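There are two complexes below, and they share chain A, which is joined by chain B in the first and by chain C in the second.
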Partner chain A sequence: MSYFINTLATLGRYLLHSFRPRATIQYPEERPAIPPRWRGRIVLTRDPDGGERCVACYLCAVACPVDCIALQATEDEHGRRYPAFFRINFSRCIFCGYCEEACPTDAIQLTADFEMSEYRRTNLVYEKEHLLIDGPGKHPGYNYYRVAGLAIGGKDKGEAENERPPVDVRDLMP
Partner chain B sequence: MSLYIDRAEYPAQPDKNLLEVCLSLGLDLPYFCWHPALGSVGACRQCAVKQFKDENDQRGRLVMACMTPAAEGTRISVDDPEARAFRAQVIEWLMTNHPHDCPVCDEGGECHLQDMTVMTGHTYRRCRAAKRTFRNQYLGPFVNHEMNRCITCYRCVRFYRDYAGGDDLEAQASRNRVYFGRAADGTLESEFSGNLVEVCPTGVFTDATLKQHYTRKWDLQNGPSLCPHCALGCNTLIGERYGEPRRVLNRYHHDINGYFLCDRGRYGYGFMTAPSRLSAPLLRPAADASLHPAAADEALAAAAALLREGAGIIGIGSPRASLEANFALRRLVGPERFFAGVGEAEGRATALILDLMRQLPVPVATLRQAEDSDAALVLGEDVLATAPRLGLALRQSTRHAALAAADRLNLPHWDAAAVQVAGRDQRSPLILATCASTRLDDAASATVHGPSDEIARFAAAVAHALDGSAPEVAGLDEARRQLAQAAAAALSSAQRPLVVAGARGGEALIRAAANIALALHRRGRATRLVWVLPECNSLGLALLAPRPLAEALAAAEAAGAPTAIVLENDLYRRAPHRAIDAFLAKARVAVIDHTRHATVEAAQLVLPAAAFADGSGTLVSSEGRAQRYLRAYPAAGDITDGWRWLGRLGALADGRAPDWQSLDEVTRACAAEFPTLAGIVDAAPSAAFRAGGRKIPRQPPRYSGRTAMRADRQIHEPPPPADPDSALAFSMEGHPGQAPAALLTWYRVPGWNSVQAVNKFQQEVGGELRGGDPGVRLLQADSAAAAGFLAGDAPEPFARRPGEWLLLPHDLIFCSEELSLLAPAVAQRAGPARLLLHPGDLQELGLADGDPAQVEAGGETMHLRVQPDPALAPGTAALPAGLPRLPWLDLPAWGSIRRVRG
Partner chain C sequence: MSAGAALANVFGILAVLLTWAALLIWVERRLLALWQDRYGPNRVGPFGLLQVVADMIKILTKADWVPPFADRLVFILAPAVIVVTVLFSFAVIPVAPGIGIADLDIGLLFVLAMAALGAYSAMLAGWASNSKYALLGGLRTAAQTVSYEVFMGLSLMGVVMLAGSFDLREIVEAQRGMWFVLPQFIGFLTFLAAGVAESHRLPLDLPEGETELVAGYHTEYSGMKFGLFFVGEYLGIILVSALIATLFFGGWLGPVLPPVLWFLVKTSVFIALFVLLRAALPRPRYDRLMAFAWKAMLPLTLLNLVVTGAVVLARSG
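Up next, the complex of A and B:
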């Protein structure tokens, strides 16, 4: 008897559900509202001066639990370090966001774009030219090389934020 | 005999300091300025611990662990809150000026400063003051300078100046502006400058060659290797990424290299990726055609045809190829047809040295024992050029007088500054006898200069002065006789005298050196010998009893068109060019090598051999120690080890399966054939070895990019390649704990990411590696052997010839060794080759420093610029040895020199 009542109650609850507001939308005709902190397609951003932000420190690569980031560091003639190549194999990426968390320069960021489906896995291998965007992404202000001690083109020793001019080692003053 | 650390009882070690004891016990105590080889100076204040008077003392006082002896009854606390706070404070001070550089710092991920900062718990910079900055210097092709990162621990200058004897790096300026650099930009002159990379606990000094293809430590796939650039057998660690070796690190070996390598060993690795590297088999379709790349099958078929057609095959072995490769060649061609690919004189000298190693009752010294000797006599070798790490060891041997002075004052040996003050101006005897001046002369108590025959006469006089029954030298001039007597007196008053001689000096000198050692041995001194040999496997090749190269050349003359298999050897570096030209013109030559050279250009067939980063094998060092090197990464394409090529060739020749498929099989075959070599099997664990049932990973646990490195070419990740030759895996998976010493692929334990982690792999700080240091000594001195002096007349005294000069070989560290010179960084250090002459002779020739001159000798003409060296005997001239652009000469040889217009 109780079994019969239970079943009826369940059916009743199902019936009530059909009058609730719908969570499902008619994607792709209708677009979902994606929160900005969504962890989707990864981009490499630029600093406010337009320079490549990534300094090829390999921290994102080592943080990646599926090891899907590979890069090679190189330097320009003024000592600025950047990646010679930067590859993300999105067919392995689990969009955990650890790379973004590890990145000391705010270069690598996950974006709200999730529409990355491909018929061929090889198309999911993104090189630097596919990853690099023109703006600073979510962090407009930060420019790593302005706080680092390394001298690069356009920023000599002592010219970074909160730095004194280079020491004169021949100075005998106490 | 106990001491107490945090109330736990441990044995006291009064001759050690507390820091050493704590680290040996596995306790984590941060430090910067102390270094196991450099001792303590108490400069950084990082190793503070709380010391208590007795068990009732509750207050205690802070002391520096590195400056406090671990004496009986000492009570300390590492964990004490005040000590902890103090250590965190010290780091915080150090960090006030530290740049925000870790992401772009080459030290990052293997930085002792990072490790110690994490260990003390300092996380945020509270100081808001502006940071001090410095300008960097250009220090040459080996070392990069980024001075902002300095924490003024003074390790660099203590190593560079006090330990390695350099004088062009110094601490400058005062207070918080202290600067470590040169007086002006310029290349660091020391032969050991590369060690700064490991000694400096921060990113001030980093490897400039690594910077060119920078890779973090966690991304390097490593192989335990051996330095191929001299015969000492220093242990190295080669790190690879993307199929190319990226750097060489010191691999600690207690008895050999300890904590330090020479720059040739550290930076010579570039030859393995130089344009001269052979990567595919090459075939010459017709005699007048050029070499063109071929497939492995095609090349092997051509090789088999060559083997069948030739009028008898001969094999020419190599002192820079592994024991296995040489053995495989010997097996293929037969012992009667196996020849040594070394110069005539070198071969004879090496064979004599090998005989003496077996017969003399005097044992051969390890580098550690050389360092521990309290008087040394070096005969006919500029060790800084022919066995550089030995030069560093000899420099340390001169510290024994200072250590003895410290003993008299009851000062512990680890107290570096106190020992230095106590032993000021006191040096143990180091007597150097060489043809020209050397960069070790400043550490010498006496120097003797002259051509090798003169040095042989001097050596014979020393032996005679030590023991009247040793052969006498006729007609020695008085000054030399007195020098010989002084040398004899210095050696005989030592407890552990050392005699160094080598193949360079020739047989008479080798015999005289042996007689000196015998005379000292008879006097009851704990005498040791070091034999300097030219190449990394000179002794291994000699142990296979090859016939001399000259006989191969002569046999070719006689036997129509022989087929010669040349193993890892450029014959043009072994005999006169005309002789080799004639030989190569007649013979049909197959070369197996990793490097393209003049002999390759004359070959019909070339098979690409694995080198030291992508190959595996055994080398026998000049000490007689068999050691294994294991590849860091799988060889690309058709490249494979010389012994594997030869195994396949042998199989093709007789149409059966190869005698060996793996390194263990060929090593065992070699050991079975030569009783002396029986020990080589134990030089490293076999491929069947498993630790906890698993292989030893070559890749660190956080190796990155596994699923992306090859994704541009191949989206599916291949399984890691198998390695049939060792218990190492090309993978980050495997045994997580410490590997046996011969299979160590990195130094790292959680919390210790820098090279300082080697402490955790040693039985005690500065001691042997856990489980014993790798390698097997093949030759042991027979202490019961008869100690009769070797007969043989001393050579005639040197007499000047008018209008002629005796040309002597002059070894140069960055120029004379074939392989390292192919590395771009080393080539940059090679400098211009100069002909050295006595200043008087220069004047006689009407030449000034830097003028061009023409040298004629042995039918060859050479052009070089001259340079004065007052140490050279008038009437002699020193030619740079091994320089590829100069023709091979059997030196010493008489020749003429004249000035030319430049």
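Up next, the complex of A and C:
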């Protein structure tokens, strides 16, 4: 008897679900709310002055658990390192975000874009011109070369932000 | 009935049934979705109605494949059996005055006989597939059908006693004063349980039980042969719903609306109940299914039978 009553109660509860809002998000028309820290399409950012942030240190390629990042380092006439080519194979990428964590200059970043379907698999291999964006991404004010102690063209030792001029070590002798 | 009218009846009912069965795929998916807070198929055509057409194109263009290890002849015949027997049963269902194919004196017995034959479909399919899951599904069908058929017939005997006839039209006419669901409420409940079991519907779909038997007796089937099992299942739902409407809820009887509409509305309500049962109830364990039939339903039916018989006897005496 109690089984019968329980069953009736269950049926009633399910009938009441007719008046509940539906959980489905009708995707192409309705957009799901994507959190800002979503790990989606990978981009290469620029510093506020418009230069490439990437210094081609290979740390992202090393950190990548599926080896989907390939690049080649080179230098310009001022001694600034940059990647000659930078290639991400998104058909391999698992969007783990390790590359972003490894990056010392905040160059490589994951964004909230997830709509990257392609009909041809080869179109999922993104080159540098596809990856590079015009803005600084999540870190607006940061410029690696302006805070690094490295001497490159246009900036000598001691001229970086928050950096004192170099000390003559022989002055320190007793 | 003239020959022309009879033919119109036959083909009209056949066309309506097959369209209805196909449409039920969509109805079931939308209703299930409604009760599970989803939308279901709503993309193809208005309200997703053309999903039925898309499904049919898909299933008809699929490879019609017979596994090499199967018993070829029986394998091909098995899906036809369920559709044929269920369609035969509809021959005696009185839709409305003047609509209906045959008026048999033993209409109810004919329906029960056809339901028993329909069980062969799943049994033969399970046997002919020659694979273990299909065989287990077929065995379960055999055991389940035997168990539930016992009290399926008995649960209707109360109605027969009250109406004094096996003729479905006379049973409907006998409900002019009161629907049989009131004096035969236990009969209604037991017949509902038996009907769910006979049409292999959730929660009593253990012959298919996809969590344990892949797909049960139709594991090896594909293409339109699988489609026939599906059509047979949906026709079975319509049949049981129509029978409940006819035997317990006064068939076409009702005020204002035309009789056909009353019959369709009552049948549709029970089809919705079938979907609701599927949405809400979990599948029982197999031994509990058997215990439920033999230890709960059968005694209840017999009790109902005895009491009804005593009352009918006392009144007539």
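In the analysis below, the second predicted complex is superposed on the first by the 144 of 174 C-alpha atoms of A that agree within 3 Å, B and C clash if a C-alpha of one lies under 4 Å from a C-alpha of the other, contacts with A are read in each partner's own complex, and residues count from 1 in each chain.
Rule of thumb we're sticking to: a contact is a pair of C-beta atoms (placed from the backbone, for glycine too) under 8 Å apart; a residue touches a chain by one contact, two chains touch by 3 or more.
Predicted, not measured: the structure shown is a model, and the values here were computed from it.
Contact with chain C, but none with chain B, is seen for A:11 once the two complexes are overlaid on the shared chain.
Using the contact criterion defined above for the overlaid structures, shared-chain residue A:67 touches chain B, although it does not reach chain C. Of the two partner chains placed by the overlay, only chain B lies in contact with A:125; chain C stays clear of it. Set side by side, chain B and chain C differ in how many residues of chain A they touch, and the one touching more is B. When the two structures are aligned on the shared chain, A:21 is found in touch with chain C, with no touch to chain B. By the touch criterion stated above, A:99 is placed in contact with neither chain B nor chain C. No residue of chain A is contacted both by chain B in one complex and by chain C in the other.
Within the complex formed with chain A, the chain C residues making contact are 33-39, 276-277, 279-281.
Those residues of chain A lying in contact with chain B across their complex are 55-59, 61-62, 64, 66-75, 81, 87-89, 91-92, 104-105, 121-122, 125, 127, 144, 147-151, 157-158, 160, 162-172, 174. Residues of chain A touching chain C in their complex: 7, 10-11, 13-15, 17-18, 20-24, 26. Listed in rising order, the residues of chain B touching chain A in the complex are 99-104, 108-109, 128, 130-136, 146, 148-149, 172-175, 177, 179, 181, 211, 213-216, 218-219, 242, 702-709, 711-712, 715.
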